[in-house]
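Structure, as structure tokens:
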Amino acid sequence: MMTAPASTAATPAAAPYLSVNNVEVIYDHVILVLKGVSLQVPQGKIVALLGANGAGKSTTLKTISTLLRGERGDVTKGEVQFKGERIDQLTPNELVKRGLSQVMEGRHCFGHLTIEENLLTGAYTLNDSRAELKESLEKVYRYFPRLKERRNSQAGYTSGGEQQMCAIGRALMARPSMILLDEPSMGIAPQIVEEIFGIVKDLNTKENVSFLLAEQNTSIALRYADFGYILENGRVVMEGAAEELACNEDVKEFYLGVSGAGRKSFRDMKFYRRRKRWLA
Amino acid sequence: MNINFFFEVLIGGLLSGVMYALVAIGFVLIYKASGVFNFAQGAMVYFAALTCVGVVDKFGVSLWVAVPVTMVVMILLGLAVERVVLRPLVNQPEIALFMATIGMAFFIEGLAQLMWGAQVRKLELPIEDVPSQYLMDNYNILVSQFDIMAAAVCGMLVIALALLFSKTKVGRALRAVADDHQAALAVGIPLKRIWAVLWAVAGLVALVAGMLWGARNGVQFALTFVALKALPVLILGGFTSMPGAIVGGLIIGASEKMAEVFIGPLVGGGIEGWFPYVLALLFLLVRPEGLFGEKIIRRI
Amino acid sequence: QPAEQYVALPSYRVGPYAAGGSGFYGGIIDYFNLVNLSGGVNGVKISWEECETEYNPSRGVECYERLKTKNGGATLVEPLSTGVAYGVLDRLAIDKIPMTMIGYGRSDAANGKVFPYVFPLITSYWNQAAAMIKYIGDKEGGMNKLKGKKIVHLYHDSAFGKEPLPVLEALSKQYGFELIKIPVTPPGSEQQSQWLQIRQARPDHVILWGWGSMNAVAIKTAQRNGFPREKILGVWWAGSEEDTVPTGDAAKGYSAMTFNTPGNYPVLDEIRKKLYDAGKGNLADPARIGSVYHMRGVSAAILWVEAMRTAQEKFGKGKRVTGEQLRWGLENLNVDEARQKAIGAYGMLPVVKTSCDDHEGSGAVKVQQWDGKKWNAVTPNWIVGDKALTRKLLEESSAAYAAEKKITPACLK
Amino acid sequence: MTEEAHMQMNEPEVHFGADASAARRATGPVILDLKNISLSFGGVKALTDISFDVRQHEIRAIIGPNGAGKSSMLNVINGVYRPQQGQIVYRGEIRKNMDCYAAAKSGIARTFQNIALFKGMTVLDNIMTGRNLKMKSNFLMQALYWGPARREEIAHRIKAEEIIDFLEIQAIRKTPVGRLPYGLQKRVELGRALAAEPEILLLDEPMAGMNVEEKQDMCRFILDVNDQFGTTIVLIEHDMGVVMDISDRVVVLDYGKKIGDGTPDEVRSNQDVINAYLGVGC
Amino acid sequence: MLYREAGQFKTSYQADGQIFPILQDRIALLALLVFAIVAVPLAASPYALSAILIPFLIFSLAAIGLNILTGYAGQLSLGTAAFMAVGAFASYNFILRIPGLPVLLGFVLGGLSAALVGIAFGLPSLRIRGFYLAAATLATQFFVVWCLTKIPYLTNYSSSGVITAQPIVILGYAFDTPGRKYLLVLGVVAVMALLAKNMIRSNVGRSWMAVRDMDVAAEVIGFRLMRTKLLAFAVSSFYCGVAGALYAYAYLGTVEPEAYNLDLSFRILFMIIIGGVGSVLGSFLGAAFIVLLPVLLNVVAHSLSLPTSVASNLELMVFGALIIFFLIVEPHGLARLWQIGKEKLRLWPFPH
């Protein structure tokens, strides 16, 4: 059973489930990356975090999951709240126990563990019985049949996509009520991408799991998300309901690659187009 | 050549090897579970043994009291190591962690001598280090009864720890931590607690090794050097394998004694210092991850 | 000019050899304090400074350089480490600071014509080796009984362990005993194979030329292999409480060389009474007073203080002497029985009488045996080995050194 | 003809697409021909009896579901893996025991799926490493940094700067690559491969983790390289838009087997490919 | 505001390729060199020269050597002292046995011998990696010292295995006082540090770093692993060998093989880790730290007039604790701290 522990008493979307307030992050004491980012994820919603490379999406997610410390990053301003509680001083372990899981960018599977062992570590915080574990495993395998085939291979030797599935499956094993997904579609075959987003939607509707996803594949992200934020250079430059964003001309041009006359072939982009910036 | 002598050398070597393995286990424990090459293991062995005899000498209590007291001290040491050294260094390059353990080694050595003085002390276990009369009489082979006991202790430790790693959730989590600190944190493995427990256990293993080595050679600073004897065992058996520590220990022990006794005199002797290393090195050329070590994954 | 006679002590109190270092330097400082309590050497107080070398040559040299200029300049130095001693050897003559090497270092340094500033006082390794064979011969009932006997030289595989080889080899040729050399790689915490080899060889005697932890391990391993400890004879660096206590009963019957007669002496009582009872002792554990290393330190300090006295007699009583002057004092030392009695150390060390040719001054040693609790002298008289032989080796070796270094051997005045 | 071997594919719709691509762009003769390649790791069969060829100057895409063996295929081409069976004909010669060094020497450069930049070095240094095969001066001269060595270094630096300009990464020239965001790292990796002035460029998912705009830039770079330098390109990519738009011919792998080969249009309409990979709604 | 690179535009790649691209840095370095060559020998006491500065420079050189291998080429080694020993004993033998051989040439030959030994023991690095390699390099350490004690020829049949370094005379000029020895060592170290810096910024250096960061990728790009690694071993050992020779000739004078024991290897390793792995500057900073720290602690402990055994043990503890402290503050070493300091300075007074 994959019910989210705290989500039964679903409060109206109004109260933010997760909120990030005016966060500033500095790496290595000198590199200022987030310059006051604020965003909210209402309970039971999917929120997309969009933005170009280096905008600070991953940094934002790592700030929330407090994984920043290990990368010599410091939160110098602002706070993060989850379920009405400040979480910036908690350990990742406590966060996972409270139902907040993260799928990190770049897979980060445990190379020497088999796929199945990788998945099992995902359930570390739960004191599941053997049967419950088995059930969770089966569920992940149902989502990703490919993993079942490779269950006994060391993760280090599986293909890039398989590792990505493994990382997502591993997060699911903890039965979280909120998942931070960092680029889930990266390196995944198109139909699996659809499947992954299907799974996201599925978990969201059936089990009321909230999502904050950083994604480059803007079209699909906006298709599935309820709400979106656009990050540029460490600042939120635009936010709004997903449909609104999808219709915004700028977003269309710069994030969806469609302009006026519809989608252009990649071959026909004859000129290097200078990127328009909301904040130059 | 006297066949009996040959067997004595062989058995003597195997049993010495077990003593090396005892120290190697401590290394494996930490390495397998956190990817840290713990150079302070030797210092911990010394610290544990010295604390144990120190308590006996200073407070005049029996060994039965001193051992549990030392256990507590070692656990506290483990907790302190986690809090002060490892926690701030999560996700740092391996070499930084390695270096930190060298720093720790200095600290612990200084602390041990500050607390208990630099004198050499004796540690007497109930079992005496003399040839087993039984084996002497019946098989005319000379084996110390102490060594037999040490081998038994070591075997039990290895089995217990190997089971811990392969069969339990914590064992799995420990291996995960060794692969990727950041990801381990992300899946909710409580790194702090796990490391604290781990170092505490490593402290206890060090205590066992320290008691046995201390009883064998006297409790003195040189105990910190037994780590050097454990290193070839470690690379031969593989950094990540408990059974590897034992098998590696047996191979290294037996072959180094054979080499010293049968080859040594031809080349001027004293080859025991480097022979195990060269042996392990040659072996690594065939299997770069040791006998039972996990393969180093190199993919692009 | 400061009125104090300043001595540099590059010492070591941590690390693998800390036990020896703390005892030895503790003894030195205790005796210095004692002398100072009674007004110093003819009124000249002794001052000293320690510096931790960790028995490491590089740090030792730094310590030497640091200490030598302090307090108006060091007039004596004693590192108790072969490595450090080698590191500073060349600097001594330039800095004009005498160095003693009590019971260690190069044996040929006893030749004051080549090594004017180096003093391997009391006895050197070569004389020790010669004395050991003499003792073994006496035990066998005469040197001629050595023929056909087997003697194992079990040694620390370093400069230290190899130092006596020329003497042992020469004596082996002379007396016809078989010398079996078995090296132990430092630090020597595993000696199973060596002792199996020894067992196999069935020697009549084993010379244990060890240092540090190697000694206890040797004794324990001998026990484990059922080799009688009575047949083992250690060097003086293998003959302290630190070597035997940790082995428990295993060391019972083991004997070793020494240049102090174990026992109690008035000077030790004074140290106990005047220093330790007043809380001014240097050893952390008063039970170590009179232990082998401590007594060795006291002896060293006695010789130095006598040298200071001697020098003052020539260069001016009640005045601090310079390093050059103290060198003269060390070269003209005569600590005879009367002097020893006056100090309260009669019989504690052999009579030491030095000269330009003989910076060692004695070469006499004793053998002591461990009874499970303490050391007891087993030779009532001081033993001296074949000094003619060692003298010959010494001349050859120091001449080679002089040639290499382009030194013209000559006595200083 | 090796084409015959290709024709054994079961699907009638799949044709060798020379006519189609020729219609679009002129491509040269076959430069790389892979014949019956099989590769397995222990029990895992990564590639089973795969044959296809690459023509000079074309953009050849390899697509397929995750774990199909695409990356392994690239690894075979540039000698990281040795196939258990099969033959590689490169520029008319059968390559035996080709290791990566030989591959690099013969003009094959590549990028990697999991970025394999040298993390501790700056962008400029990373790109300079790509030129190493062209450097002649020995290390003693480099140590003295004098005369020819210095001139050579500067000459190569100029080349590297051209690439930096081309990829528009001037601003991060001196930044250690470890600090760069993912997308820029991919670009730097391309730069490193380009620095070798390769004949064949193997790109493993160069556009993963990029947004549309960045993908457009990347496509542009790839097409320009292809046009301006005539570099042959073998490309793995999961973004069908990109693949269909810029490639001349496409190979489709599934479970280590080839299930399709042809022009984008042909592949797009191949039912097997649709079932195995594209899924509906593409 | 004084420390700015603004306004300093590079007009050629040659200018941009300079070791110190910022003008202020160049001036500072020049000033430092002048100071070290002119002022130091005049002002420093013989103690500072012979007990601090000379070993500091020699250790810096060894640290550069190890840094080339470990910091740049990524091969962790615990056998540094062994290479130093080879350098020292080889120099001794060359100078002893070839009459009229210039001393400096003797050092170079010593370094080359060390390089040969380095290549021999570097061969396994082609298969063995990481800590396995580190532990395996101990084989070098023990084996070399064993050889030196076992082969009497190498120590010129000295009964105890101790060698006495010949006096250093170059072109009839005797380097016999601390000041002169210091200048000699400074010269050698400065030149070799410059060479190292040059290697590192040219293709060799890049090949090392590439192999360090990702050897598989380096191979794909066309670096030959074997050549690159062995070259790193050779160059590194050469540096260590020369440092070892200087250690014997300009510092200790009389040495036994045991002086080059594992302890020394570790001290050099500390230097590069504390100073900064993969940084020439770090080698100097680390060497200074490791040479000075015990001295400072020793002085402090004495000024507190603690009982000596307590002081010694505290010294050891503080030393260990400081190593840990520095690692926590900056795992990339003092060199990185320095760099961050500079970056802050550059931004100052307007951060961000």
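Letters A, B, C, D and E mark the chains in the order given here, with residues in each chain numbered from 1 onward.
By our rule, contacts are C-beta pairs under 8 Å (C-beta built on N, C-alpha and C of every residue); 3 or more make two chains touch, one makes a residue touch a chain.
These are the chains along with the protein names UniProt gives them: A = Amino acid/amide ABC transporter ATP-binding protein 2, HAAT family; B = Amino acid/amide ABC transporter membrane protein 1, HAAT family; D = Amino acid/amide ABC transporter ATP-binding protein 1, HAAT family; E = Amino acid/amide ABC transporter membrane protein 2, HAAT family.
Please read all numbers here as calculations on a predicted model, not as lab measurements.
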| item | value |
| --- | --- |
| Remotest chain, subunit D as reference, centres from CA atoms | C |
| Higher-contact pair (C-beta pairs counted), B-E versus A-E | B-E |
| Chain centre separation (subunit A, subunit E; CA means) in Å | 47 |
| Centre-of-Cα separation between subunit C and subunit B, whole angstrom | 36 |
| Where subunit D and subunit E are represented by their mean Cα positions, the distance between them in whole Å | 42 |
| For subunit A paired with subunit C, centre-to-centre distance based on mean C-alpha positions, whole Å | 73 |
| Residue list for subunit C, restricted to those that touch at least two other chains | 13-14, 18, 22, 157, 185-186, 284 |
| In subunit E, residues with contacts to at least two other chains | 142, 146, 149, 214, 216-217, 220, 309, 313, 315-316 |
| Where subunit A touches two or more other chains, by residue | 157 |
| Residue ranges of subunit B in contact with subunit E within the complex | 31, 37, 84-85, 88-89, 92-96, 98-100, 102-111, 113-114, 117-118, 228, 231-232, 234-235, 239, 267-268, 270-271, 273-274, 277-278, 280-281, 284-285, 288-290, 293, 296, 298-300 |
| Contact set on subunit E toward subunit D in their complex | 12-14, 16-17, 195-196, 198-199, 201-204, 206-207, 209-210, 212-214, 216-224, 231, 235, 278 |
| For the subunit D and subunit E complex, residues of the former touching the latter | 78, 80, 99-101, 103-105, 109-110, 112, 116-121, 125, 128-130, 132-133, 135, 137, 139, 142-145, 149-150, 153-154, 157-158, 161, 192, 196 |
| Touch list for subunit C against partner subunit B, complex | 13-19, 21-22, 157, 181-187, 189-190, 192-194, 196-197, 199-200, 212-213, 216-217, 220, 223-226, 242-243, 245-248, 250, 284-285, 288 |
| Subunit E contact footprint on subunit A (complex, rising order) | 28-30, 32 |
